[in-house]
């Protein structure tokens, strides 16, 4: 038997025994009626060795799992109240101030850091050793993220947990694995569930996305086997693909991937809400670029095919406000001739309001040049909130931060209802050029400069 | 191809590419001549994304590896000097004091913790993402442990690193694996190198220790594959084994392990000096007890066969001091008759000083009752330093802390030169009783009470 | 990398190279235009080493694959014509007759066997070394089985191939593997395709059949990885299950398998038509019984839930013939009262002819006692062709041959259209009693005795 | 758990149960006292199903294992006496003669083949399904090969078994795996045991042969896991290596394999005596050439470094016979001046008879040109027995058959005692040129033409 198999056996045995001991310990100790707070105290200061500690943590976790949302909130408030001791902190700070040489100061500061470490954090760390502990904590943070706005203490707990998970889910721990039609059905079922960009409609659709001219990669954590953290779907094609429906067409013939010159990243989905803000996407794209480069020597271009999820919202607001210079006279005339209205802006709003407008050639042909121009503007100029260095579109922000540039806009790139509703059917390609990634990243991260192809830049220029 | 295999492939590809990029980055940047301090600054504050950061960390690690001990010490002193900013700490502390409600206080304290986090720690954390990063840091701490006494700043760095490694080598991450004759030769070679209790003399000796009536288990970390952290060797026998030479006899016939009633843990070795103080032994023994229980239903007794590594040192000192009541009159008479000397203590010292005394029946028979009695006393009564709750013998302290009791002492249990020199040929069995482990642990950890069998307790009582 | 993974890599490399060499060899040799017969000759007698031979075999296989059914028949007729040399056979036979002692005779007979070995068989054996060779030969026999009735030479070829495959698919080579929801999607897709008893309607249905209270096992051949040969689906339940719709109900709650006392084998499907007549089902059931026994200690009963696929056909013929004594007077009266008709037989035929009769309580309640009695008769008494020792029902023959007995009949056990059409909604449980399997097998294989429970035997007795 | 691990578990469970059933069956049946012949009869014609048959076969195998050599011989003679029925053969032959059309004839001949199949062969085939069956049969043939010369019936049995094993160990079944220092110690121990060319002296020597500039590959059979069939050791070097001691020097620095231009196959060992005559070496070398080609792009030359195991024997005989023209006058003069003797032949014989002659520069320098010339002659001209097409040297015959040519001879290539005794310290490189393998194979297999480099051909020409 291989080591891995042997380890699997051992792990199963351990879990079985752990469960048995836990049950036994629970029944013997008769601790069920203890208050939550008392249980947490016992976890932190209890007698007995690690096995007892683990049993107590397991029991607390079970308790949490059995609660409804209100109960969980209360549980977490109790937990959050286990803060560090102010007097101990004050004493430790005094020691820091009194330290006379760098070494003494270093020791005193380490002591201060220890004094500041809140007991709630130690308690959270005890959960990590439970067999399902990591997933438990990830889901617990998922819950905290939804409720932290109601309670600042929960926000503090969430921040502690975020730090803990950021260390645990350090990129150095993650394993990149390819997913294909030979992967476990249980894993593919999870992809269906987690796919956030273009819904997987059926197993046939799934299989099509895992064909020989496709690739799918995911990051996994060794303590959460079978549970993807993030995954990306890639199509190997000739030339820059602009339409996602073409890519997902189950009847399209399978291409020879060795002849492809372009890799299109057409879907990237984070799988664990509880890991939100702990970023893997950047690494995932770069590693996949590297892998594809070694596997397929003909690949020259690496690009995404992405939605503009905030475009319609911005556009609707802008058309309603109709600032001067929004549309040129020719644009307005053209739009009004296709959809009679007092102004070009109203005409465009009218087109977009019409059910299935993108299926009427007359309408979408008229709207196309205006929409593409405004989309370029939206991506390149519009900003998030009051920060002019941050692109308003979240997907644009993600890829620009990663070192991509805006390459091309395609009308009718996503003609699904969702695509029309969010992106006015537009799709955008972000280009990842391995030789430029670092510079472009620095441009955006440093000065807020958004790189784009000449064509897109020209479009964006044509404003008012 | 299995997922695991695919992952292996990916990892190899990634490493190859990482190396290439690193080389390239290094040559382009021409950073070789930078001072160490400048390099460290760049690591912490440098422009570019994660790939650049990783390249810089890799370069620093390479630099460290290429240095001699003096150079490494200097490297580490430079690194240790990257401490947190006193003003930022002071400001953060002020904010803590000004906080008016628990939530605000929690947030302020989190900020203070962040302000206190020394940059040297962030820099160390960058190494964890390198392919060989974890092993690099473990070995780096190994070096720090040897040199920290010379420099308090290095001691502070060592403390930071200890905290980092304690989190990384959390028991929840470790994988328990059985090692046998089908294990990779490269792994068995490491056991030979790491065995700290009873030297493995040859591959034949190794094979004998992995026979069907033996078990060997180790903990591994997923980021240090093939590198054991700690391992234990177990013999499955009938009755409590007292002699390690019998256990290691390559010519002894292999027993049927299903008929064994006793599991003897005859060797536990920590493998990584850099993880010293981060304890796994406790978990290892308990998990192995659980595993053996499920595999062999006839096992009733779990015990170690352990040396008394500090016994001879204590005994030599005690015999030299010869406190009143050390030996009874009968004991003195008996010893002097075997080895003429002015006092019983001198006689015993004389016996022990004689080369190969344990091979002379007359000598060891005479010495046995006295040695066994004094050994019981040494284990049960003598204390480490000024702490009366801590057993003087380090192995006794380890097993008592884990919840074992002192079960039996055996003369001529280890007749190797080392066994005679350190333990006066005595071996001791520590008993692990699954039903009592928690209580016994608590007895020792709480009150310093050292549990022992009635027989051993009686022996220890016969003092003065 | 594990050995297995390394092997996988090697194999892939080998295939890639083999393909390249093959292409090259083909283009250099310009053999494409050769007649099939010449190609086969070259395969058998060609110059060059094994690599050439393998290339030629690969080319022949490609040729075969590219042909339509008529072309394939012609290909196979050409192949079948490569028979042994009559003169060589005659000479070898003479040598056998002249042999004077047993040893000489043994040698001469071995020579005769070699002389008799038809060249077509040697040619078939060359295909086995191709990467996909085994599957190719299995499918080739599948085709032969469909066409052999038209041509005695093809029948001879099929017989040769059957012998070859029987040796290759020796039970000693087969690997038993459990299939569950963690199995590759590509494998589960094959189960959907191969399921021959109760159609798998969706991935949800598939998942339900692989739940924790179910088991699925298959035999695999090392040279046909990912390609099941036969598989069985098992439900772990309390008491003998009689209704397949209950078992397949996706909404039924999952049971705790450790509490089950009965394992129901509710579907066994052969996957490879080309292995028809090479039996694995017998071994599969026994091995699965053994495995379940070790995994679940509470299991007491092992039984199938099986259709009676030939029952309706026999029943319709029998009702039409209406032999004297077929139905008792009470039976006839009861049937006629529910479905007016001149005779009881016609009444029953009328009921069965009515669309959805089994959904009308009045009808099926009336028909039930008669149908169950006649089904018992059909299973226990009716024979296949002119062989009174062989049960007429093929499924009954399979399980009786394996050493099972007929345990129970259940009306409305399968209320699907297929179940009504073939089995009149009846299902039968065959009982596998590990302690009796050998005896019951011998009873049936030797004397043709069909064992059954007392209840079923009583039912069958009530005839005429 | 992976499928493979699950299968492992299943297999272990099956074996345990099989053993239990076997024991039970044996004790119930009380068959222990049966005569061997009766047991064999029962195996062939016994009642009960496959499980009974398997139990009987297992019992017979156990019986065989428990016997001494004489007992085994008797066992095998009894087994060999189970020959086909002469009357059945005669009848079947008559049917063949009476057949009127090809199809009828094919059927009749198939029946004759079946009639000729000796029962002893069927009995041997029953062993294949035992868990350790394949290894049992391989070892059984190993024994037969040693004793068949004494008994023609045993020779017939050996021939049957050879056919059976040739089918089972078809190259299509074999798995090529790389062996390195991460391979199981149990496997490496077997290499030590099986190495037939250059003894592995220690684990250090073993490790040296598995270093990063070495490769080792073996064929395995899926039914004999962990048991290599044949393995080859390869060194990756610059230029054609001539000295095996240099290759095996444990202190030589490890080279960068990516810079190597030459792969030297310096040891090929068959592991299973019972598979003698069933050739894998040919395939092994070619596959390894292909693998190395894909892994290392700089490799240009593939060659062996081989002994001339029959050279000294031939040389000693030739020198004793001293045929006219054996040595030129200059050669004779030179030899006599170094070792006074009546003739050059006697002088050379004298040199070779001197202990450690190859360590004396004067002697080996004088002998070198003559030895190299005669060795070239021995390899290129001398023949085995009366077959002028077959090289006298068995290693030369093996490599020439595989399509290699004789490339270079090196004096002092193997200065071990064995090398001096068998090959007069000479080593030869056989060159495998992928582009020529087929032609050179055909040259030798067809016309007996032995290809060699120009230099070696010139040497061989200088005869008499």
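In this document, chain identifiers A, B, C and D correspond to the written order of the chains, with residue numbering beginning at 1 in each.
By our rule, a residue touches a chain if its C-beta (ideal position, glycine included) is under 8 Å from a C-beta of that chain, and two chains touch if they have at least 3 such contacts.
Remember, predicted model here, so these are calculated numbers, not experimental data.
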| item | value |
| --- | --- |
| Interface composition of copies chain C and chain D: same or different, split at half | same |
| Angle, in degrees to the nearest 5, of the Cα rotation that carries chain A onto chain C | 180 |
| Centre distance in Å when chain B and chain D are each reduced to the mean of their C-alpha atoms | 49 |
| Geometric centre distance via CA averages, chain D-chain C, whole Å | 41 |
| Cα-centroid distance, chain A relative to chain D, in whole angstrom | 59 |
| Residue list for chain B, restricted to those that touch at least two other chains | 2, 4, 182-183 |
| Touch list for chain B against partner chain A, complex | 3-4, 6-7, 10-11, 13-14, 16-17, 47-52, 80-81, 83-84, 86, 89, 93, 96, 101-107, 109-110, 112-113, 116-118, 125, 128-130, 133-134, 151-153, 155-156, 159-160, 167, 170-173, 175-178, 182-183, 222-223, 282-283, 286-287, 290-291, 293-294, 402-403, 437-438, 441-442, 445-446 |
| Residue numbers on chain C that touch chain A, as the complex places them | 2, 4, 181-189, 203, 206-207, 226 |
